[in-house]
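Heads up, the next two complexes both have chain A, just with different partners, chain B and then chain C.
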Partner chain A sequence: MDVSEYRRRTNQQVAAAAKRTRQEAPRNLKAASATLERREAPEGARIAAVRAMGRDIRRRPTLIDRLIALLADGSESAKLRLEALDVLQGATFLVQTFAAKRPQYLEALRSIMDDPDRDLRRRVIGALAREKDEYVHRRLLEGLEKPSKALVPPAKAIQFLGYDVHADYFPLLRRIVEQPPTASAQREAIRVLAADPKSRPLLTKILGDKDQPSGVRYMSALALQSLAPTQFEGIARKIALDNREDHRLRAASLTALAQYTEPQATASQRAFTRRVEKLGERASSPDVKRATKAYMARVRG
Partner chain B sequence: MDARLTINGGPNASTAYVGWAPVPAQLSLVDPLSPGPVEVTVRNQEPQTGGRIVFALAGSPSSEPALPVTVPPDGSPVDLLIAGQFGSPSTADGDTAVEVVRQATGELLVATRLMVRVRKDADTLTTAERDRFLSALAGLNDRGMGAYSDYPNIHTSAGSPEAHDNPGFLPWHRAFLLDLERELQAIDPSVSLHYWRFDEPGPNVFTRGFMGVPAANGLLQFAATNPLQFWATASLPGIVRRPLFNVATEPASVSDEATTLALGGSGHRYVGLRDMEGDPHGFAHTSFTGFIRSIGTAANDPLFFMLHANADRLWAKWQWLHRRFDLTSASTFTPLGAFGSPGAARIGHNLDDTMWPWNQVVGGDRPATAPGGNFPPSLLTAAPGPIPTVGALIDYQGVRTPGSRLGFDYDDVPFEAS
Partner chain C sequence: MAAELGERSREEDVATRVEAADASPDQVSMLVELMRERHPVYRGRSTNATIRMRGYAMAAFERVGLPEPALLYALEELESGREPYLVAAAAKALRGLIRRERRLVPFLLRAIDNVRYHDDMVTFERYLPTWPAESPTTALAEVFRTLGWLGPNAALALPRLTDFKAIQLPPVTRAALTRAISEIQTDGVPEESSCCRRADPRPFGILGRSEPVAASGAPPMSARFEDQDGLRLTYRDFFSGRPSVVVFFYTRCTNPNKCSLTITKLAELQKQTAQLGLSESVRTAAITYDPDFDLPPRLRAYGDNRGVVFADDHRLLRATRGFDAIATYFELGVNYGPAAVNQHRIEAFVLDDNGRITTSFTRLQWDVRQILDEAIAAPADGRRSGRGRSELFGAAGTD
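Our next item is the complex of A and B:
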């Protein structure tokens, strides 16, 4: 490649972009603010205005106040408020600029946790949950115990709770695993119980129970991987060689063994590898075949 | 007659990795049996396959794919510079080779394998490159039990003033990325930290085979052979991430590359460029729901590093375009000097300040803990040292000071001598 030609071309592109920005910039922020205040302006234009304001936050932190007010304003459209939320959440990465406004921002988020718009509600709860917000934590637990008070479906509630792992809700999650309201709630509960050493027997039982749905057993496998890696290895070997086993589980077991064990380290591992090769070649599932191939490629280095 | 070619100090099996920035090499004769100097050619052995190499005599401005060299008969070395040829990177470890041939006879004196190893646009990787990258990441994470956990523990709310919303945002993240890349290369030296080009669609990135596709509840699903399925952070398996844009046809909600590169204004000044921390960087984070959307959880998602590698690439490209490697110029970086001097920024964000956590300083102006230890060393270069300053992360190619070369390059950012 001719580097000087490349430099010339890049300079040209940047100059064109600079010209575009210069033409927009002087009226950009003023015009954007004005557009946002005109409620009769087309929604698309107001959304673009919010984005433009977001670009200037570091220079003009007071824009944060206006965007927080917009976010909390239930009379504005959800789409516009979602845009304000995205821009504000982006501004949280500007830690110093945002520091003074953080309490207001979190308060605004809490105030709209019950908003009728599903997407807004979820994104708001997610943002608070990732901040390990104590209030949202309580509301999520309450919703799991009394479904009439739920802010989000149980699977999502458990996922959000998982941002702040606490032993005090593990018993509730174990109950959900054994009597799941939905299959996806069961999977999420298993996922969060990966942090609970006491749930090891329960997860081992589920992984071994061929009557459980495939996705539920798969999640138990993932949870056991980090909770009890050595124990998981033994189970994974059995699953990998069982041609009546669920295909996805077999393939995942093979992939885990390839990634995290030394397939040629001991005589018993070499014997296992020979059986993997033999069985995998005959497997009817494309996933198991692919996983076998990858396992053998790893063995051969 | 035999010759010895030592790349980057050797042994070549560990050190024969080059990017676009030239690395030192020594060529000498072994048992010369020759009364006078020997004329040889140093060249690509298989110019049709793999990465391509160019050569120069030390101190010479021009480099060639085949270089005539006069080697003294007494066994003393000739200093050469070896680099990848811009636009022709390797796709596999040692997929190219350098040979030294005696001009008079055509006799092969020595050959050594090499890799032109650069960070690439993740959307363009071969399947094998992608899989090696994923396997190294999954290895470092080791189901939540590996050394990867240091990175989310560093990138927290407590540590974030060291890294964000200040002039050191770009250098600090450059160090953070290079720290991870060196750990990945300790697992597999053929791996680079590839970047997600957030201002372009990523149809090959957001797949089950690569960075995952969300299920209904946002938890990522992976192909049966993708080891990222075992990813775990903060004691839990899995990654939550849902794009708010069409990954196959649209970029994230960010300014495009040319607009970002223009942020430095007509004077091409760092003080303007660093506005990129908001758009595109912050907006790239909030183009998704899930981990990557909040400071405290963002680094739990490996996409974090690919996003930041792209932010770093944009800075590198701007540096190349406007030759911003001079550490005495406020256009390259500002504030110059150290914390406490007039006009200085927060501690850790001035050119001569050391950076947390690698300096291991805790308490006072710094966070209460410093996970991860000193900066990891490299076989390819002594820079940036165990306790890097902000300034040590700037001339990453050694344009001004060859010794400051950090040992990485981007596929689309060339090296040009100043």
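Our next item is the complex of A and C:
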């Protein structure tokens, strides 16, 4: 989809949602609270009530208690609880107001980590993972080691664990990279291994392995560039000049070399630059052509 | 006899040993050993695991009594810790002291500042709990309980506690606050603490044990470094010829009271050194615990962002060879998980013009002016090696 079309549709959706909220929103906080307490009220009205309560949190912090209770209440609909979670996550930015409620909020999140609703579970786990919560780490690791206990798909679990570089999952991730349960889990594991200096040999091996999917090699290149820029520079130069290499990877290597190195600093870099110049003249891939042009523009300042 | 706890011990086995510990000297000593960051049991674990294990052991001092050698660990956690579980454990540990010392109060007040905006429910009822837990507490609740336990000795804290009455708190924290205020206001005579007599320069008697680094053995002269600009040099190149101040840090540290503050204070120290016209008399350096990750561009950005002014005599360094020798010489209080540091203490050192330690400032926050004075006074030939100091206690330990 074209980006301007995407923007137009998004704006339309936002405007429609705002209109719905205005129509459904209770007139005041008292009405909102009453609507929320009426279980027989239409779900849309109760969701609007939760939103209305959210707007008053700063003035009435006790509303946070009600929303935490709603979030933890498994007998309520997942949609309503997701709305409560949205409002509570917004309220966490009211640092002073929210501070006193934080322990109960985190406790509530932990207590619903196994909720049957997939979306709610994923959101809750994500919120806890961003807090580097030890309980969610234990449960995510358990799920990666024993798929029958998994709370979220492996790629998602790795993404959540990746929020904390002080964790102990790196050996497990290296195993996942070599024997991936899914392609997305492999890519996610490589992305997270960018924080692990011990993974340099593995990342180097994958980047140099032409049998690996180009997406996986691309991810390895990014990780290696962060971990070992000098080593990456050497490998990236070889890839950029290799006609049998994947064009996307060649272009990405050239872009990285243009952005993160000094193309004219050493004799070997100057020699490489001359070869890139020639490459620009004869490359057939538009991606490579574009990348060589950008590289040469950087050289010429 | 129980097997030694080590790298291969299961977390659950460590917890079982902690739970079974009683007040006998060997059991208490086992718990004190678990306070050391370098204990092999922490090697290769995540930071979350080290927090669990160390916090569980620290909380056990409430039950078995807090011996003098462990007091500093609890105070350090209260002063600079940000993890609710460890702060709660440290507050609990203080209740294992025999005497209720009013000098504990500033540490507890600082702990309140450290955790009040990111407190959490924690439980010490069992190791590796599932949630919801049966009887959770919070770090603030444990700090309030300890202030209450101090009774009239904590009178200094009353205004702060009274302020909290107007704030909404979780029920468990609110109950602890109410009770603490009542206990502090109880008619009673504060126990006179030896720490408050001017004549006693060694409050709690811990100064001699603020882990002065013994400076045994020779400095790691052949260790090699790369600085924030990628320039290479040896320990001998940089640390010989003039006194130096050296601190340790790493860029991925998440506790703003530790590495980030250390480097900010180093920048302030540079500023004060320049104001005294001593920039060329005292060198400053910060050495990363994480040399494989902290490559020169990261070092430069980290220093720049905290006001460090780089020059030939003022650098951030990563060891490219000989980090183990450096860790041994400085007795670094650090341990590692699979990819990064998993825990560390605060540590700063003054070195003489032969690169030998003359004074160490460890665990508790150091004062810029005090460390600068030490550096200015640092003599040649390491004649005063092995002194330990800490800002908050204001007096030096000895060899």
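Everything below uses one rule, namely that the second predicted complex is superposed on the first by the 266 of 301 C-alpha atoms of A that agree within 3 Å, B and C clash if a C-alpha of one lies under 4 Å from a C-alpha of the other, contacts with A are read in each partner's own complex, and residues count from 1 in each chain.
In this section, a contact is a pair of C-beta atoms (placed from the backbone, for glycine too) under 8 Å apart; a residue touches a chain by one contact, two chains touch by 3 or more.
What you see is a predicted model; the values in this text were computed from it and never measured.
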Considering only touches as defined above, state whether A:Glu107 meets chain B (first), chain C (second), both or neither.
-> second
So, A:Leu94: does it touch chain B (first), chain C (second), both, or neither?
-> first
Tell me which partner A:Asp242 touches in the superposition: chain B (first), chain C (second), both or neither.
-> neither
Contacts of A:Pro61 with chain B and chain C, given as first, second, both or neither | second
Partner chain(s) touched by A:Glu277 [first = chain B, second = chain C, both, neither] | neither
If touched residues of chain A are counted for chain B and for chain C, the larger one | B
Should A:Asp117 be classified as contacting the first partner (chain B), the second (chain C), both, or neither?
-> neither
Go through the superposed model and pick first if A:Lys156 touches only chain B, second if only chain C, both, or neither.
-> first
With the two complexes superposed on chain A, say which partner A:Asp168 touches: chain B (first), chain C (second), both, or neither.
-> second
Mind working out whether A:Glu233 is in touch with chain B, chain C, both or neither, as first, second, both or neither?
-> neither
Of all the chain A residues, which ones make contact with chain B and with chain C?
-> 95-96, 132, 165, 195, 229
Note: in the complex, chain A contacts chain B through residues 1, 3, 6-7, 10-11, 13-18, 20-21, 51, 54-55, 57-58, 86-87, 89-98, 122-123, 126-127, 130-132, 153, 155-156, 159, 162-163, 165, 184, 187-188, 191-192, 194-195, 219, 222-223, 225-226, 229, 248, 251-252, 255-256, 259-260, 287-288, 290-291, 294
Would you tell me which residues of chain B are touching chain A in their complex?
-> 86-87, 135, 138-139, 142-145, 157, 160-161, 164-166, 215-219, 224-227, 229-230, 232, 234-238, 240, 244, 253, 255-259, 261-262, 265-266, 275, 277-279, 281-283, 285-287, 289-291, 293-297, 317, 320-321, 346, 414, 416
So in the complex, which bits of chain A are touching chain C?
-> 61-62, 95-96, 99-104, 106-107, 110-111, 113, 132, 134-135, 137-138, 164-171, 195-199, 227, 229
Which positions of chain C touch chain A when the two form their complex?
-> 44-49, 51-52, 84-85, 116-121, 128-133, 136, 138, 167-170, 173, 252, 254, 292-293, 295, 297, 337-342
